[in-house]
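Mind looking over this structure? Questions follow.
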Amino acid sequence: MMHGRGAYTTVDGDKCLMAPGDLVLTPSMTWHDHGNEGTEPVIWLDGLDSPIVRYLEALTGEPHAMDRQPTGYLAGLSERRFGVAGLRPTWVPPGTGPARLIHYRWEPTHAALLRLAELEPSPFDDVMMEYIDPATGRSVLPTMGCYIQMIRPGVRTRAHRQTSSAVYAVLQGSGASVIDGVRYEWQRGDFFVVPPRAPHAHANDGADPAILFSLQDVPLLTALGLYHEEG
Amino acid sequence: MMHGRGAYTTVDGDKCLMAPGDLVLTPSMTWHDHGNEGTEPVIWLDGLDSPIVRYLEALTGEPHAMDRQPTGYLAGLSERRFGVAGLRPTWVPPGTGPARLIHYRWEPTHAALLRLAELEPSPFDDVMMEYIDPATGRSVLPTMGCYIQMIRPGVRTRAHRQTSSAVYAVLQGSGASVIDGVRYEWQRGDFFVVPPRAPHAHANDGADPAILFSLQDVPLLTALGLYHEEG
Amino acid sequence: MMHGRGAYTTVDGDKCLMAPGDLVLTPSMTWHDHGNEGTEPVIWLDGLDSPIVRYLEALTGEPHAMDRQPTGYLAGLSERRFGVAGLRPTWVPPGTGPARLIHYRWEPTHAALLRLAELEPSPFDDVMMEYIDPATGRSVLPTMGCYIQMIRPGVRTRAHRQTSSAVYAVLQGSGASVIDGVRYEWQRGDFFVVPPRAPHAHANDGADPAILFSLQDVPLLTALGLYHEEG
Amino acid sequence: MMHGRGAYTTVDGDKCLMAPGDLVLTPSMTWHDHGNEGTEPVIWLDGLDSPIVRYLEALTGEPHAMDRQPTGYLAGLSERRFGVAGLRPTWVPPGTGPARLIHYRWEPTHAALLRLAELEPSPFDDVMMEYIDPATGRSVLPTMGCYIQMIRPGVRTRAHRQTSSAVYAVLQGSGASVIDGVRYEWQRGDFFVVPPRAPHAHANDGADPAILFSLQDVPLLTALGLYHEEG
């Protein structure tokens, strides 16, 4: 969710009210519908893996019988089951299953970035975390990974390149990236992409932290034995 | 941690101040030492898998060169890396590794039990969660699992039996369990055990929730193909 | 290998002489070269996963410094390590690794089909086996699976459909398949394809067994959570 | 099977005639019965994991309703399904299941040792192979691994030690092992053990290959994170 309040996504009956910075998943073959119950327009980033699914001729869809699927008497089902690190309901079998974390909220995510920043940054990405399924430790989707990243003021990362590609959205602050030898400046609201095998490095010469959300096809390439990285 | 404040366990340089209800792990082959910097005695429950390790003649130990291992400039390293559900530092490889969550705090655990209680209880255990390694979704130790469980007021669970055994500690409230046909009453501070294959059911006839912590050898029996359960 | 003798494929120094019916793998990033030391032309079926790899912009290649890579003093390295069902050298770590079975020979494969035929056929595929990596039990490649299949005389299979697609090569005999409602007759040397989600059934009205080799993208779709089957 | 012909073990209806050198598994909770239809006494080595199962209070048993369980119209079911390296019936789901390889025959095992001997011996064990489940690549039982090993004439291995223990049976030839500093000579028909953490090395000063079968608790210790090895 990029901007505005009042919008929701319902996933298999679990209605998720989306605040700015929240990540909501709509995994394969889940019923989902969206709406805005607020008074202002909202903007969110939709990250679809439909190109690869369409390429594999596996794209299917089905309309729900109702205009808006019914929701349960409770909201936040997925957070009630998996919202605390290191705990899972004992009657949910270990490993993957239909009951899973759907709504990843901004506040704890932001706080986690700030705490991790005191520890050990990555030379290539500064302070970067991957969203994972807490029941398995695996990427949120088998095709795409979701990442949140803070480039602290004054940081200039070293360049690396991967066989994977990335779509970046700038959530906060501003900075610049050198991608395949070309410098691109970016600020809040911008998007930029890193193509496969393009060396890239990020810099934040401003006074405030820059925060980047990205979608990367790392899980897909890893599953196929095609993921490689060079520092 | 059962009672008192001021005590700590340091695990591989990560000093964990233990408040009542906290769970702290000392995984195999980690340097660990304990101390109490408070003014009152403290009591904690030490759950050791040394019987099976000793039976396998695999028990070894090594004294640290110093009386008290040095700690880093920061506390809470493991929480900074893995303390938020659904996020992991990207430079920690997926799957198991030496950097892992060590300190599981009481407050979010208790809040998770209360939230889950609104959802769907287990007929055999009422509201029960397993502590897991958030980087893998697996049990906290390969031999023993750790569990937290709330029996709500008025609840009487159905009986079941497992090939595994359990050691229970009563953290809050009071109640009774029928184990192999015999009724045992328990209250805060008590311990009780459930032997392998003993049918057992729990009841809370009081006005307040009862909270049970337990250690069970479910992961060990599962790994050996020996875990079975009967409702 | 479809026809002729005398040809070889060398994979990372392991020279495999290919007889008709043999399957030889050239896994990702292995040095490989081919040649024909016989006196007659040979024909083999090359099954490449390059479309998906190219689509992911992950296709790379490197010429070997020599025209023909050097081979070891011994041939059949991969068969010496993994050629007998249920045995692996103890110094090869369990799970996947660079040392793996490369050469799957026709004679034991054919014998396995005949033995399995006495047991329990599949209603959809009659007697069908998947080539697997014996060190892991997994498909031979992460993108494509290889299959060998015997349709016995008189057998008409039931129709099923999958989200995966298949390329079939007829190694022996003749028969017919009904694919998406259209009947295609085939005989030794023919190829035919089954597109995603097309219902298909096979029949052998002849007097001899028909043998089909196929390449299917089942592993790829399974890894991405996109494999589904309907009987 | 150490000596004699005519004996069988039936496992879930699959009657396995046991020739010298054969390995037959009776996995947990399978119906099994033994008999000798030959004219001479036979001797086999029974390798039980009952000590650890009994220690975990998980030992149970059930008598079959009949004196001798009925066998199918076919023998060798498990070999028909999994008897060829690198092939599995497509209707057996990948991974572990009730249908699995039960009978590991001596002739291909012996041939595999001889072929592997031309390749790359282990400095600690000379030519050694682990029996594995060909559907998964994992050890034949979750508690115990089975191993076959050839010490070639003139070979003296380097010493190593492991946290695991081993029971050795000498199938062919003679030799000597130095275990924890003491030299033990052995010949065909002998047994010897290697306790946990005991350094051990083997030597064959004779003219013929020595062949050792062993049972080791490596899988159990590995599952519990307790397996370590030192060269």
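Note that the chains are named A, B, C and D in the order they appear, and that numbering of residues resets to 1 at the start of each chain.
Please note the rule applied: contacts are C-beta pairs under 8 Å (C-beta built on N, C-alpha and C of every residue); 3 or more make two chains touch, one makes a residue touch a chain.
Quick caveat: nothing in here was measured; it's all calculated off a predicted structure.
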| item | value |
| --- | --- |
| Both-way neighbours, i.e. chains that touch subunit D and touch subunit C | none |
| Smallest count of steps, each to a touching chain, taking subunit A to subunit D | 2 |
| Maximum centroid distance from subunit B, chain identifier (CA atoms) | C |
| Self-contact between copies subunit A and subunit B, residue sets same or different by half | same |
| Whole-Å gap between the CA centroids of subunit B and subunit D | 38 |
| Approximate Å spacing (C-alpha centroids) for the pair subunit A, subunit B | 31 |
| Averaged-CA centre spacing for the pair subunit C and subunit B, given as whole angstrom | 49 |
| Residues within subunit D bordering two or more other chains | none |
| Pairwise chain contacts, counting only pairs that touch as defined | A-B, A-C, B-D, C-D |
| Touching residues on subunit B, where the partner in the complex is subunit A | 74, 76-77, 79-91, 94-95, 101, 104, 108-109, 111-112, 115-116, 118-120, 122, 125, 128-140, 147-148 |
| Subunit D - residues contacting subunit B, complex | 28, 52-53, 55-58, 142-143, 163, 165, 195-197, 217, 220-221, 223-226 |
